[in-house]
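Shown below is the structure under consideration.
We just call them A, B, C and D in the order they show up, numbering each chain from 1.
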Amino acid sequence: MNPILRAISCQVRVRYAETDAMGVAYYANYLTWFEVGRCDLLRQLGSSYRDIEHEDQIYLPVIEAHCRYKSPAHYDDVIEIKTTVTHPSRARIRFDYELARLEDRTVVATGSTLHVATTRDGKICKLPKRLTELFA
Amino acid sequence: MNPILRAISCQVRVRYAETDAMGVAYYANYLTWFEVGRCDLLRQLGSSYRDIEHEDQIYLPVIEAHCRYKSPAHYDDVIEIKTTVTHPSRARIRFDYELARLEDRTVVATGSTLHVATTRDGKICKLPKRLTELFA
Amino acid sequence: MNPILRAISCQVRVRYAETDAMGVAYYANYLTWFEVGRCDLLRQLGSSYRDIEHEDQIYLPVIEAHCRYKSPAHYDDVIEIKTTVTHPSRARIRFDYELARLEDRTVVATGSTLHVATTRDGKICKLPKRLTELFA
Amino acid sequence: MNPILRAISCQVRVRYAETDAMGVAYYANYLTWFEVGRCDLLRQLGSSYRDIEHEDQIYLPVIEAHCRYKSPAHYDDVIEIKTTVTHPSRARIRFDYELARLEDRTVVATGSTLHVATTRDGKICKLPKRLTELFA
């Protein structure tokens, strides 16, 4: 049940759509970038959230999300998302994120999401093999 | 196949999330407000898009959308959405929108969306009775 | 520095735009609903975030956000947002949220946001009188 | 005033956040992808919308947008955005878009946006040299 220590990195460029009247990225969009980070991590580890849903018929809804905003992200900034993953129990998976502006390495935010495995009709179930194998 | 001439009105208040770094509402969000307008129209006419999906198992994906932006909408503005609906063919339905700032009646945008009725697996079908009855 | 114990309530109806392929509201949108809750609270208490920005030239960026998802929200659900506010220090303000489906009173989520007062150029400053007076 | 005929291409991967309860990308998000397309075009041509705003102090708000939806885009699809640009008058610029699923080259949508150059306070002005030079 150890975390996958090697952080997986990917990048997003801040869209104008993601900014707000304060001239910075709106705070809810960081949770969307978290999604980009965790899906990219699964893809880089040879898995895919699409396959988990389509082939395993398992969903991973978020049951808890947390974000600490440290420095604003602006339009057109390239943000590097470092994601790590932990497997705290048979039905749960947790991702931790660090977001930094690529240009000057300033950390803009850190956060985490906790997910539970469910069937299509919402019943809690075991994580699919596809995921637990990553921690073997 | 005449339009429902009586315009149905509802209101949205511009959220901070919907603004951008220009200090005004981001242009894609107007299409979300169009959705609020057409769903409210159906509800006020005694129907409901939820029922169309859940009970009739029919979907109304957008096949064309158009918007003309006339004056910017700002954070906290209350926008009145006037929606009318037309039934151009057996499988299609069209909504027209006029969005105005409530405070000073300035028109901020006009637009339209064209929808086609489909089954869950994407096959084009007739509009549900629930909808065509509105035009009788 | 006591919390405003009286919870202020407002409602949002879940938009189709806010749902995702899992058939439920996407998790980042809860943070947008939090925004609706806190802005409505300020308005109901006789203040306004718009005035804080425009007249006091003070911003209240989020420095921390947390959300616990308890039950999914679906398209067209009316969600009641109960918001309370605390004033933990001279420069900070915190909001707590409880979101419940209006129809059956199921709590769908709870959460909080912590904000710091800043000037337009991002320097931390005291909360505007307009806000601290609410706690007097 | 000729169009830049060479189409500039970039890619987006459909985010879960961008899908809706129909299981496909929500229609308003295509306008956000248009934004990604036109900003990338400017960047590839050696210009940048960020510089237009920051250095030229000129804004390019959208005054008209149109989209024709031809085939649904699904979660995790990679969408190729081909953008061309035309310069119809001294104050206006127009972008045309074709979006195709990378995997099978299916066109998912075509569309356009028309923009007008304005100063920070909303007065219509000439397009910045940075842009008109691209058409020389």
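Quick note on the criterion: a contact is a pair of C-beta atoms (placed from the backbone, for glycine too) under 8 Å apart; a residue touches a chain by one contact, two chains touch by 3 or more.
Note that the coordinates shown come from a computational prediction; the quantities given were computed from them, not determined experimentally.
A count of contacting C-beta pairs for B-C and for B-D identifies B-D as the more extensively joined pair. Centroid distances built from C-alpha atoms place A farthest away from chain B.
Distance between chain centres (mean CA atoms), chain C to chain D: 33 Å.
If each chain is reduced to the centroid of its CA atoms, chain B and chain C end up 27 Å from each other. Averaged C-alpha coordinates put the centre of chain B at 23 Å from the centre of chain D.
Residues of chain C in contact with at least two other chains: 16-17, 21, 24, 28, 32, 35, 75. Per the touch definition, chain D reaches chain C in the complex via residues 16-17, 19-21, 23-24, 26, 28, 74-75. Residues 15-17, 32, 35-36, 39, 48-50, 75-76 of chain B are the ones that touch chain C when the two sit in their complex.
On the side of chain D, the complex with chain B involves touching residues 21-22, 24, 27-29, 31-32, 35, 53, 59, 61-70, 72, 113, 122.
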